[in-house]
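Multiple structures follow.
Next come two complexes built around subunit A: one with subunit B, the other with subunit C.
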Partner chain A sequence: MSFVATEFLLFVAIAAAGYYLIPKRFQWMWLLLFSYIYYSSSGIKLLFFLLFTTLTTYGAAIWIEQVNQQQSDDKKKIGKKKRNITIIGLLLNFGMLALLKYVNFGIVNINHILHTDFTFPDFLLPLGISFYTFQSMGYLLDVNWGKCKAEHNPFRFALFVSFFPQLLQGPIGRFDRLAHQLYTEHSFDWERTERALQLILWGFFKKMVLADNAGIFVDRIFGNYQTYPGLSIFAVLLYSAQLYGDFSGGMDVVMGIADLFGITMDDNFRRPYFARSITDFWHRWHITLGTWMKDYIFYPLSLSRPMNRFGKFARKRFGKNIGRTLPICIANIVVFLVVGIWHGAAWKFIVYGLYNGLIIAFSGLMAQNYRKWKQALHVNEKANSWMVFQILRTFLLVNISWFFDRANSISDAWGMMKNALTHFNPTELFAIPMGESGIGFTPVGLGIIIFASVILFIVSVLQERGICVRSAIAAKPIVIRWAVYLFLIFALPVLGQPPSATGGFIYAQF
Partner chain B sequence: MEKLLEILEDIQPDADYATCTTLIDDGILDSFAILSIVGELEEQLGVEVSPADIIPANFNSAQALWDMVQRLQG
Partner chain C sequence: MRNSKKAILVVLFLVICLAGNSILTFCFYPYNYARIDMHNIETKAYDDIFLGSSHGKCGINPLVFDSITGQKSTNLCMGGEYMQDVFFLAKEAVRNHKPQRIIYELDPGYWVTKPSQGMEYTSFYQEFPKSLVKVQYFAEKIMKADFRSTLFPWYVYRQFFFKVLDNVKTKTGPVYKTYDPAPFSNDAQSYKPEGFIYRNKIDAPKTEENLMLWNKAQLQQDTVDYFERLVNFCDQKQIELVVITTPVPTETYQKYQRAYDNAHDYFTEYMKSLKVPYYDFNHLPLDGFDKSLNAYADCEGHMYGPTAELFTQLLAEYLVNKRTLF
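For the complex of A and B:
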């Protein structure tokens, strides 16, 4: 059941209405029931995978807690036992994820290298498997490290894993911030509901008006880039708009729906195209994936014994500064390799991850030199011109990475980048038909994309300046307020693409 | 504490460690800086920091960092 479907909106309305009508002590069970109904709608057999992660993680966490409570003076032995249980949990769940998502990729590559003909069944990927697996494994590691206590009620834990708004495309929640909100009793709050509906509406505007219109051009150009050599720059810029509108719009819908149940989810976006460096970009884009990688891979890997030994070697060999930074850079490259693989089973995603990792690692190694150069050149870091330069530089670097993310293959990405430097012909845009409306509607379609981008840009600038746009609108007289709401409501069917023509959200594939 | 301030100044000089209590929340210390500090704490003060210790509450101010160092030394 796609988020952009009338039946889904009806499903949410029934879930929210019932949530506040039933006795409050049953609210979390109601959410669990609706989460499982939602998940089953994608195929009842896929429930097996969700239950597998739920039960193995629940069991492993309880087991860790029992080991922790054992009366023993040998803390090392207890620590080792806990670590072994955690490793079993991690292997089972990441093993399942790897089996479903990556085995075919491995076999295709083995067949290519060894000229063999191995085959493996092509499984239907369970809905949101990357998201709920990462969320559950984060919980397991937190229990192992003593950051949170194990949940004893299996049904409550099942809700933490399956809470339906976030199941499809995140955000990847943390047990200590999310779980208690799911289990606590909530009273209906009209103000909160109004704000939640505003957010949902804004999310659909970004998705249907900006992302889905831009997607028509993106699909056409990236799918036939040799037919449109003069459009590579436009293709990647339109993809920037599409991906941000689609993913952040989807997150607004998710957070708005969660808000209807009185639940605040972690932010997943903070105006990423205003980032001043690639590091800053990853602090603003898909934030919950970035913090997950940082807490559960980057820090443990950087502080591991082999890295420690390598750090000591590097200090002796290269001196204090480089020796101190080099192990961190290597851990960072590993993390971004995982980020790339997380995005999909294809070499282009590996290149995408490595590209980001190498830029950040290089910046880390050069940090001290940059500081010295800026001092020598008297760069005023607080000047607006410097800020604009940094934002444009980062936007350029991010757009280069989007070629790898969106192109059909690495060679296509290179081909498009080459075209971007050698060909420029905006008139080719007018030869691309706007879906069933044909090329007669193309100028209007481009106008809608520009119009939606300008609105998004203005809202983003206001938010960047600390202004809460939703509160500002809510404080306006009723006529203005409803004019805004009605504009957004009517913009969806009039300016947006019909859901039947565009499919679901991009990140729901992960 | 003096040794700790020296380490902090060396890794990230653009901060007022005497008063700032939002070193993580305001993004003054990023993950590279945090790990560099952890590396120096181990090298110079013999303190072993685990991934579970890397939480904002332990790194938001020089005092919080010093409290963590003392706790781990004890």
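For the complex of A and C:
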């Protein structure tokens, strides 16, 4: 059930209305029921995978807790047992994810290298498997580390794994912040509902007006980059707009829907294109994936015993500074390698991840030199010009990574980057037809992208200055408020592209 | 603010939205021939009903057909009419007046592609009168569409703002009220009685840009399911179901012979398994019929008016002979 389908809006409306009409103690059960209806709407067979993750994670967490409660003086033994249970849980779930998502990729590569002809069934990838697997495994690790207690009610836990707004494209929730909200009783709140609807509307605006219009150009140019050699720069800039509009728009819709049920999800975006470094970018872009990686891969890896030993060795070999930084750099590269693999089973995603990891690692190694150079050049770090320079530099680096993320292959990405440096011909944009059957007028399409980008930019600047735009609108007189809402509502059909000309949400494919 | 006041404001806001949307629908959503086609089945009784794609719309003239069969038929085919639409149109037609026979014009391309949510997507639905069939049609098709297709039926026409005045004039004038087909006539084609589109010979390039070729790997299960529902429905209602495929130009057939032959083999076997008579006129002899591109408006298989009328005559004779044989 697509987020943009009429049936989904109806589904949400019924779910929300019923949620506040039934006795409050049944609210979480109601959510569970609707979450499972939602998931099974895309195929009843897919429920098996969701149930597999739910039951194995639930069982492993309960088992860990039982081991924890055992009366034993041998803490080492208990720790080892807990670790083994956690590893079993992780292997089962990440194994399932790997089996469904990555085995074919592995086999294709083995066949290519060894000239063999192995085959493996092409499984249908269950919706949202990357998101709910990561969310569940985060919970399992938290239980193992004692950060949260195991949930004893399997149905409540099932709700944590399957809460329908976030199931398809995140955000990746944390048990300690999300679960209690799911189980708490909520009363209907007009203001909250208005804010939630505002967010949903804003999300659809970003998706349908900005992302879908940009997507037409992006699909055409990335799909035929040799036909449009002069448009590589435009293609990647438009992809920046498309991806941000699509993913953050989708998140706004998700968070708005969750808000309708009185549930606040973790932020997944914080004006990422205002980031001043790649590290900062990843603190603002897909935040829940970034923090997941930080908490469950980066810290455990960088604080692990082998890494400690390596750090000691590196300090002796390369000196204090590099020796201290090197283990962190390696942990960062590993983290971003995993981020790349998470994005999909293709070499281009691995390159995309490594590119980000290497930049962050390099920045870490060079940090001391940068400080020296800035002092020598008398750079005023508080000056606006320096801030703008940093933002533009980061935006450029991010855009280079988008070539790998969006191009059909690594060689296409290289080809487009080469074209970006050697060819420039904006007039080729007008050769791309807009709309259903290409009957739309291209300059209008480009105008809409610029218009939507300007609106998004203004809103982002205001938010960056700490102004809550939604609250500001809500505080305005009713005429202004309604004018804004009517504009947003009618902008979707007037300025948006029809679904046949575009696709669904990009991150719903993960 | 008290809750009752807030509720009133919400209702008022919705009323404003609805009013605005209704005005835009009135202004942008054009008068189209689906309205006449639907009006026909609501008000007249037919023995034969043609359902299918634009190939059927431009290829079958019910008046010519009736002159051979001595019965009464109408053409409800339309570009973008997928199996789901065919099924609900059949149900709606039967709800009004049960026909003796439904003739489904099968374009194999429609079985291997998904419908585009463009202008034709909701055309028939919009013209359906209020009934349980319409509710079912909504639940099974329209509800799954992008919410803008459902809530803002005018939005696929938004770029035709220059036609707003014409639309308003037409909808407020006698043409709309009397189901006059005059607005659908132009240099390229005209709408004839009982839903036939007569294509004129004009000097336009003959393209194949909308050609959808058969590829079994892309067979859409939804389409298969709806066809089987149609077969069961006809069985239950004791309506004869006949499936035909109109001929494409020889040039197109030769260019994509493998796809057409594979489609022929697949549907011959499939229809046999369902005991539904299937006549593929790419493979059946049509004496005196010019299958060259000269007789067609494009490479996809949309016939010129005279070609279509000759084809209809041959089709009618063929079906009469088949009936006599059994």
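In this text, the second predicted complex is superposed on the first by the 505 of 510 C-alpha atoms of A that agree within 3 Å, B and C clash if a C-alpha of one lies under 4 Å from a C-alpha of the other, contacts with A are read in each partner's own complex, and residues count from 1 in each chain.
Here is the rule we use: a residue touches a chain if its C-beta (ideal position, glycine included) is under 8 Å from a C-beta of that chain, and two chains touch if they have at least 3 such contacts.
Everything numeric in this text was worked out from a predicted model, so none of it was measured.
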item	value
Which superposed partner A:Tyr485 touches (first subunit B, second subunit C, both, neither)	second
Subunit C versus subunit B, contacts on subunit A by residue	C
Touching partner for A:Arg309 - first (subunit B), second (subunit C), both, neither	neither
Partner chain(s) touched by A:Leu10 [first = subunit B, second = subunit C, both, neither]	second
Which of subunit B and subunit C A:Lys77 touches, first, second, both or neither	neither
First (subunit B), second (subunit C), both or neither touched by A:Pro498	second
Touched partner set for A:Tyr299, first subunit B, second subunit C, both or neither	first
Of all residues in subunit C, those that touch subunit A in their complex	1, 3, 6, 9, 13, 16-17, 20, 116-119, 142-152, 154-156, 158-159
Residues of subunit A touching subunit C in the complex	2, 4-10, 190, 208, 435-437, 439-441, 444, 478, 482, 485-486, 489-490, 492-494, 496, 498-500
Residue ranges of subunit A in contact with subunit B within the complex	145-147, 279, 283, 294-295, 298-300, 302-303, 308, 311, 315, 324-325, 327-328, 331-332, 364, 367, 371
Residues of subunit B touching subunit A in the complex	13, 27, 30-32, 35-36, 38-40, 42-43, 49-52, 54-55
